[in-house]
Amino acid sequence: MISLTSYLIISFCLFIAGMTVMIARKNIIAMLLGIELILNAAAINFVAYTRFVNQNLDGHVMSLFIIVIAAAEAAVGLAIVIRFFQIKETIHIDDATELQS
Amino acid sequence: MFLKIMFILAATMTLGGAFLTAYTKNLMHACVYLLVSLFGVAGLYATLGADFLAATQLVVYAGGVVILMLFAIMLTGGIQNFVNKFGLDKVPSMGNGKTYTIAGLSMIITAFIIMKVLAPIFKTNVQGELPAFASTVEEIGVLLVTDHVLAFEISSILLLGALVGAAVISRPRRGK
Amino acid sequence: MNETVVSYLSQAPGYALLVEKLSEFFGFDAEGFVTFLIFALVCFVVVNVMSAIGGLGTYAERKISADLQMRQGPNRVGPFGILQFLADGVKMLGKEDILPAQADRFLFLIAPLMCMVGVFASLAVVPFSSGLTLTNLNIGVFYLIGVSSLVGVGIFLGGYAANSKWSMLGGMRGASQIISYEVPVTLSILAIVLMTGSLSFNVITDAQGGLPHQWYIFHNPFTFIAFFVLFIGALAETNRAPFDLPEAESELVSGYHTEFSGMRFAFFALAEYVEVFVVCGVVAALFLGGYKVPFDLGNGELIAKTFPAIHPMLAKQIGNVLQLKAFILKTLALYYVVIWIRWTLPRLRVDSLMVLCWKYLTPIALFNLVGCAVWLWAFEGKSMWAMIFKSGVAAAGGHH
Amino acid sequence: MDYTISSVAPIVLLPFFAFVINAFLARLGGKATVAAVFISCASIIGSAIYALGIFKDFVFGNYATNYHIHKFFTWFDLNGGGQTFNVNMGIYIDNMTAVMLVMVTVVAAMIHIFSTYYMKDDMNYGRNGRFFVYMSLFTSAMLGLVLSDNLFSVFIFWELMGFCSYSLIGHYYEKEVTGNANVKAFMTTRVGDVFFLLGIVALWTQIGSVAFVDIYNAVETGAFLNTTVLGMPLAMFTGACIFMGTIGKSAQFPLNVWLPDAMNGPTPCSALIHAATMVAAGVYLSLRIYPLLEAGQLTTLVAYIGGITAFGAATIALVQTDFKAVLAFSTISQLGYMVLGVGVGSYNAAFMHLITHAIFKACLFLAAGSVIHSLHDHHTHAHVQEMPRMGGLRHKMKYTWIAMWCCTLAIAGIPFFSGFVSKDRILGDALVAASHNPVMIGPAILGFLGALLTAFYMCRMMFLAFHGEPRDKELYDHIPEEKLSWNRNIPLLFLSVFTLGLWFSGSLTGQGLVKLADYKNGKYEWFQTLIAKPSVGNFKNYQREEFGATDTRVKNSLEKSKYDSTYGLSEKESHHVHQVHVIGAIASIIIAFSGVFIAAMMYLWKKWDPGFWVRTFNRYYRILQNKYHMDDFYIKGFIQGMLLPFNNLLAKLDMGLYDRYVVDGSASVVKFIMRVANWFDNLFVDTIMVDGTGASVRFFNVILRTIQSGKIQFYFIIIILVLFGYILAL
């Protein structure tokens, strides 16, 4: 019953949820939550393939790096959000359009 | 049997948390649901025999990222209405009908794309005999300092950069 | 994968019989069911006993503080007032569960639970004895660090959900304090993990001996320092004085649980006291030899050899009881020290708290980690007593 | 005892590191400068101690005449075209090197110590220690040269020394005469260096190596005989070219003009240039390539050059009135003797004269520095160097006087002093050569005459400066009384001790008080035993050694070198040689004493009037005062007569031909091309390309601007849509 397919479906659903968050939310922090979900979806895939397909632990190591990157991204992203808020007093994503043509 | 129960629990937590994260209007609640979802992912790791990864997931997300997010939410809640009017249900910019419609459409498209990619895997995937769970800590440690040592070093530099960068960026400028 | 309390108990003679009878009764292989049953039973017992210990902690605190301040303390309910905590618990149950109008209902409800879950989940790996470890996880230390970080989230959400200034400040203080002090704590635990080469509590404990010179605290100078770093960090992580800023009564009324009442407040309090116990147990297991009894009395082999009439399993059980006693003794000694510190030292300021963590403890812990690694490399993991003994033997011209 | 490259390296690197450190430290001034000076002195003293260790190992270590250590590693290779051109670097230590190292380091150490006295007032140790910086580099380069095992690295250090001498001579750069002097020294030696480089290149192309041992081997195997370069035999060509380097560096006859002008530098640097390093390097090189000179049949030429230089410089020194100029010309003269010794095959004595001369000449210069530093003219605020203004100085500076007399007697060739031991032997060998070959009579006569003049002018200088009545009373009264101090007189006295002949052991002193080398039969003096011409046969089996590998230790028996003056001669011939030597010794003793006597008659007792001679031979006196008009000859003949017209011709060619036709012509061509290009530019580039690009950009801009919304989520959706399209296309 528990097979690669079930994990892939879970990861797929997680990805879809994260993407929905990314698109639907206009709040930068909420979008960062979505990014976390997407990254975790990817990490689940790695571990699942390690378990069901080739049994070497490279996938685990890759997931570990994903976690590391997620942590770094969260730290820097949130720092940027706070700085952004200090300047603009808002965290609405559509206000961050300084680079707009 | 135990594994199945565990898997169902973890999957439910993961997907439920993810769904609620996407659905709820309250950012603070979204954060908590995210925590639930991430705990579910840790459970999924456990069912996949990735014990070290599961613990790492707990430490990094529960101990670090989610609290960081909560802090960020509070620090950006607004200066005048810091506590009382900090919108609870009125947190701004959590999306509206329009954005959710767009999101739903793109969700369908993405689902289509991913299913297109995954379909052959589903079809061809044959469940083989799975090995028993073994401790992964040692092997991951060995892999980290042998095969993946470059990535390991780079990620350490990345973390240092993130640490310094976050401190530098978020520090208020002088005179402000 | 990992040894649990069930795999230990399954060595008992009655286990196989029970499984067989139940299988006959149910008509399918009941081993899993029995396992689950035993597990649930033990968990139930442990959780309840720990709750009782947490309750007794409040009593101990009051009694010891009274002693330190030349007072009587609780002395009405039961002998020496020992049933005071039960009376308090009953009173708490009877109180009204107040939910502030401005509060965030959902978070207000789950915050105390999060604390409870974090603390009680970490009980799963605490090595009470070589048999009575709920599960001997091979990543036990890591798991404990991960799970107990839920407490930080709980405190933070509790402070936020009440929607009051005091709670907010207390919650934020608590969260930042817990995240910060996790760094030196983890680093000094890592030093021990480095010495042992394992993340499992039982392996770490078994690597030590029953007598003080075999404990990791006296293994080398670096672990000696690491012990104090870990203990200070643990005090801060459990929000105990002198680091009890999140609930600083004089400034923040009662910190993050200002608005909580009745059973919810009891949950917070219980979580705190049990966490102190868990942390003391962890420190004892990592540095003070844990459940190790002197002269290896704990594993029962000596008893079985001395009294051949005793069944080996029984001998093992006797050893287990001795181990449990040793562990509880060490833990309670540390518990006493914690309470003692609380009623002795004044509270720190927020900035000096952070200075202590980031400018002193973290560098010291890092240095310790490196020092341990160097010690491990240079002296092949021998303890300094072994080396002193060796050099003494060499000086005396002895052979070995 | 087993020296490797790295174990010998400190001797060079100590002064070099002192240079590197001081280059940054010295300019800070104040205490940093004092520290820099201390580092300089300490490093050279350390080198001296190290060199003494090597000397001890070689001289007392029962090592034979031809014992040597040769180690090298491949620095880089220029292989190609089927030829191997390895550039090797290494060390070559034999007895000569060991003696040379001690001489250089000890003399340099004394000079350094004296410099702390002499340069102290010159803006605090010579322009903030800059003097010491270059002194360290100078010494380091000389030590490197001495240790080098091939001509290429010799050349490197050679040029390094050239640069250092340039910097040191031009120390007082604000004076115009100094600026000219250092340029002159640099350019004159450059003439020799060009030939030197030419010789190296010729050697390299013909025998594929420039290592000394390879050269000796090639000489032995006759590789030089069949090869010719520019119609000359290879040995002659390369020998002559490399010897040109010696001529330039050691100020031999045609290129001797730079050395007197080099006096404009500070006196300690003159001591270093004239004694230990610069000029010694030239003679050292000619000794190293001696087999090449012999194989190239250049010995007669060398002997003549040496003789002419020895005599000519001595005659010029007769009439000089500048204290240091006398010493400068005496240096040229003595170098002439060394070269004369090389020319007549008196290898051993030439090298001994190099050593003895280095010691007494360094002492003389330091003494001169001591004198000049004390003679301060309060009207012009300058140091006085003119002998007519001195006189009677011995009452004021006793120690300097003693040291200087020791050295004067040594250079004059008075028995029991070192100069006699070495110079007598050179002159004796010259006589032997003359008795075999009539052509060599010339150099021998020149040598003996020069010896007479040397004794005369040195004593003249001493009598004029130190004896008699003070001629400039005011100047004399201002001279402070000399006190014994560690950095003024001690170096002088230390060096003057070594001007005694017993250290070098001559036949007149019997077995010699220093029986360093009579370990076997006591027959030979140590110097003569240990120093021998490169005896070629020993290098046949040398092995290639990598860095740090063990050496091939050639431990010869105590056989006399076959290049020794009596080697292979019959008993009769050997007897003849000894007879000639005895005659030479007696002659040189008579000559030396007569020189001293004449000087004393003229300047001490004033029985004979020197003015009479000046008046009688006024014309020749003028010639001598003008240094045989050699400077004028070079300036008028070479520079104005040849270089200037050539320059003018070039200038005319430039103006008339190049400017008019090439430059202006090309300008008009360019002008035409420019017009065409302008038209093309206007039409194609500006109109079509530039404006067209702008227009197209504007066109696409309108489309792309709508996509560039600045909203991340919009980009996200675009990504999804593109992916969607891609999947559909699949």
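Order of writing sets the chain letters: A, B, C and D. Residues in each chain are counted from 1.
What we mean here is this: a contact is a pair of C-beta atoms (placed from the backbone, for glycine too) under 8 Å apart; a residue touches a chain by one contact, two chains touch by 3 or more.
Since we're looking at a predicted model, the values are computed, not measured.
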item: Pair of chains ranked first by number of touching C-beta pairs; value: A-B
item: Separation of mean Cα positions, chain B and chain A [Å, integer]; value: 6
item: Rounded Å distance, chain B centre to chain D centre (Cα mean); value: 78
item: Separation of mean Cα positions, chain D and chain C [Å, integer]; value: 82
item: Rounded Å distance, chain A centre to chain C centre (Cα mean); value: 34
item: Of all residues in chain C, the ones touching two or more other chains; value: none
item: Residues of chain A engaged with two or more neighbouring chains; value: 19, 23, 26, 93
item: Sites on chain D at which at least two other chains make contact; value: 713, 716-717, 720
item: Interchain contacts, given as pairs of chains that touch; value: A-B, A-D, B-C, B-D
item: Chain B - residues contacting chain A, complex; value: 3-4, 7, 11, 14-15, 18-19, 21-22, 27, 30-31, 34, 37-38, 41, 44-45, 47-50, 52-53, 56-57, 60-61, 64-65, 68-69, 71-73, 75-76, 78-79, 91-95, 99-100, 102-104, 106-107, 110-111, 114-115, 118, 121-122, 125, 127-128, 130-131, 136, 139-140, 143-144, 147-148, 151, 155, 158-159, 161-163, 165-167, 169-170, 172, 176
item: Complex contact set, residues of chain A against chain B; value: 1-8, 10, 12-21, 23-27, 29-30, 32-34, 36-37, 40, 43-44, 47-48, 50-52, 55, 57-58, 60-61, 63-65, 67-76, 78-83, 85-86, 89-93
item: For the chain C and chain B complex, residues of the former touching the latter; value: 1, 32, 36, 102, 104, 106-107, 110, 137-139, 142-143, 145-147, 149-150, 152-153, 156-157, 160, 163-165, 168, 172, 175-176, 179, 182, 199
item: Of all residues in chain D, those that touch chain B in their complex; value: 713, 716-717, 720-721, 723-724, 727, 730
item: In the complex with chain D, residue positions of chain A that touch it; value: 19, 22-23, 26, 31, 93-94, 96-101
